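Common to both upcoming complexes is subunit A, partnered first by subunit B, then by subunit C.
Entry: the complex of A and B
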């Protein structure tokens, strides 16, 4: 119940400012347009043979839309942990929430789940916008097939993002660094271009990020691959999910223990 | 005497903003990283899609075959353009959030001194960023431009910035009346971003959006700057004339809207947080 209350609090606060909802949705749309239009201007169309031979998906708007939507959802828990905790610190409500009869980790997961829900709604709108504007070939079956992979991806993103919850408790103002990291992930995970254009070492770093595999799996579904063909990708995603949950939990516990001694700090 | 007093006040506003900027040094790294991110994406998207550094399709549309140079020039003009919007509007919003706007407006200095102080520091920082970007883009992305024409394009950029100041003043006038102006400004910045032609030629937008883009000073300035850099003043005569016209229009609108809004604010009061 307390988890639901935290989620509800975040949803209520976000949706009570309609202009804020419009502004975030517009940000989502404009960023997508920038890259898709740029790709189309460079290509002189929407289909790239080179992209098709390196990834199996040659239609650039479809390629970019999937990568972009998943990247946004990947960044969502990180943003929630970093800015959510900071917002509470700024408002002076973090200490009160820590004192509430709810475990700190539950509170943070509530914040994160709230923002994943919000971002799912917003990205749903951006996705529909992209599908209509760029005439993306999508069917109900494809969406249905993508759902289990999306759920697994969210669990992985949640665990990965929680590392930042620990970091924000230890270092407080890490917003700009998180932003740099999020932009970096765009390169490493093949959001707007295939990772094969980068050196092998950089590709290896990208393979350690769950987003890379989530994007690959969803793009696979869009080009008609079966679950059986996607098993290697899903296996890596599962391993990474377990690994990042373990790391983030350990880091979070350490940060919690430390901050109980030295305090959370104020803004 | 009056001028000396205003200059001292201007210096005070600049120093205040500089100190605030210095207290969050990581933003400097984040801003530089954003520029690299932008240019890097352009390069890798182009290579990932075409396998080449030049694009025939883009050349047919814009005269530029080097898509990285095309995007970088657009990014630089956009960065400069947003400075004016941000300088005028965010200076009000930040003071509103901090609860110090009334005090700043009540200080013994002209209102325009307060705005100039905010904008000047941002311009200095933007020019500093642009300088760093040029060096980094040349070193990392092999940016190659006609540098004489690049310098020639700067007056065109400054000409366009008169219109951008006008848009900034208009937005600042509206912001005085909003309870939560942050999202409004975000919407405005995103519209500017989408319609600036920074990353793609506005010719590929639907007709309605093309007209809207032409009706703002950003895309015409970007087009004029790109044309001057590639082909010189003579070839860009038409674009420069249009920038001159649109800048004059927005400078007038900005002045009138802000004057009206300020007069109104004196009657109904400023919003506070």
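Entry: the complex of A and C
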């Protein structure tokens, strides 16, 4: 009930700024369009043999749309935690919430789930827009096959994002740093181009990010791979999910303890 | 059992985040505070800004962990029993931004009722009762952003009562309020203790407020309690001495450092260069004080004998006045 109350409060407040809904959707669409057109211009058209031979998926708009939507899904929990706490600090309401018997972790998850819910709806709109505008070959079977991978990816992303929940409690003003990180991930995880074009060390860093493997798995489904063929990728995703949840929980507990020493930065 | 027990409470803040392997300087905010508050008592922490009042409240409400000492709220340990305490207390924090301005008054209370686990069966009734109690029922569906400062504070009090707390903490509850709203808040707080049998701990730097409201007052300065008694008991400290208020013009307040008398500035008006000084001065010493002021270029505008107040107690104990 208390978790739902936090989510409901966030949703109510989000929709009290109607322009925000329009601006977030438009930014999402503009971002997608420019990357797809840029890619097509560089590749000399929609289809690329080079891309197909290195990734198995030669249709650039499909390639970019999958990467972009998953990147959005990946960034959403981070944004939600970081800006959720930031907004509460700006409103002066963080300590009012901390003082309530609701657990801090539950409150933060509520804050982020509200945001993620909104984000995913907007992302869905951008996805449908991309599918229609770029005539992406997507079927009901593909979507159905992608759902379990998407759920697993999302759990991994939530765990990864919670690291930022711990960080934001300690450092408070990490919004810009988070954005730099998100855009860095865009390159490291092969959102718009294959990571194979980058040095091996950079690729190794990219491999530690769950998004890289989530994108690989979903692209695999789009080119008709079976679950059996995707097992190695799914295994890595599972290991990373466990690893990041462990790390983020430990960091969060440490941050929670330290925050009671340094204060919540409230009133 | 006491409602609040604080034993040698200490709190230091780090100047930087104390990460492992990082050398950090610490600043003392509370330096060993001890006091006990009985159930149903209205207890005040009186002191100037930066005295450690808010830090003390934050420790007692479990928002901060003390660096030393112990405290119990309704018998629960503030380190160990955080959630138990949070269920039984509430806080009206300083400032007006403790509510969601983009939610209505009703939505705010409903939200806080949920995160305080108020049973669904009583939620609606309690919200209505509280909004009526603070006179905001008619405005329940209006967004808080349209409320005046006084209305926001009334709603903040209603919010703080949403879990029917046994102990209520109020941090500078009338700060920045207009006279009418301040009176409402004071009367309401007194009613909470007298009629609803709540235990209240409030901080203030308004002498009159502490004197009018509190059953007992702890005067706090530089993180330490320097006196603790009933308002009458505290005033007895200066009862035998006359309080004198002297209005002067063109006086350099810096000179007070070398004054051979305990005089403190209670009011300054830089535009007209007027200063009001106050202190406990015997009748026979008064001419010497006036002479000293004149020698230091002060133009004496008036000299008045006053009834001793808590301000005089503070001046006597610290040599300074509590100023707004």
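Please note the rule applied: the second predicted complex is superposed on the first by the 265 of 267 C-alpha atoms of A that agree within 3 Å, B and C clash if a C-alpha of one lies under 4 Å from a C-alpha of the other, contacts with A are read in each partner's own complex, and residues count from 1 in each chain.
The working rule: contacts are C-beta pairs under 8 Å (C-beta built on N, C-alpha and C of every residue); 3 or more make two chains touch, one makes a residue touch a chain.
Being a predicted model, the structure only gives us computed values, none of them experimental.
When the two structures are aligned on the shared chain, A:246 is found in touch with neither subunit B nor subunit C.
Of the two partner chains, subunit B is the only one touched by A:179; subunit C is not. When the shared chain is aligned, no partner comes close enough to touch A:147: not subunit B, not subunit C.
In the superposed model, A:35 lies in contact with subunit B only, and not with subunit C. Look at A:194: by the touch rule set out above, it reaches subunit B but stays clear of subunit C. Comparing the two complexes, residues 17 of subunit A contact subunit B in one case and subunit C in the other. Contact residues of subunit B toward subunit A in the complex are 24, 26-27, 29-30, 33-34, 37, 40-42, 44-51, 55-58, 60-62, 67, 71, 180, 182-184, 186-187, 190-191, 193-194, 198-201, 204-205. Of all residues in subunit A, those touching subunit C in their complex are 1-2, 4-6, 8-9, 12-13, 16-17, 91-93, 95-103, 107, 170-171, 258, 260-264, 266-267. Within the complex, the subunit A residues that touch subunit B are 17, 19-20, 22-24, 26-27, 29-30, 33-35, 37-45, 48, 50-51, 54, 60, 173, 176-177, 179-180, 183-184, 186-187, 192-194, 196-198. Looking at the complex, you find that subunit C touches subunit A at residues 13-14, 17-18, 58, 61-65, 67, 83, 86-87, 90-91, 93-95, 97-103, 107, 110-112, 114-117, 120, 143, 159, 171.
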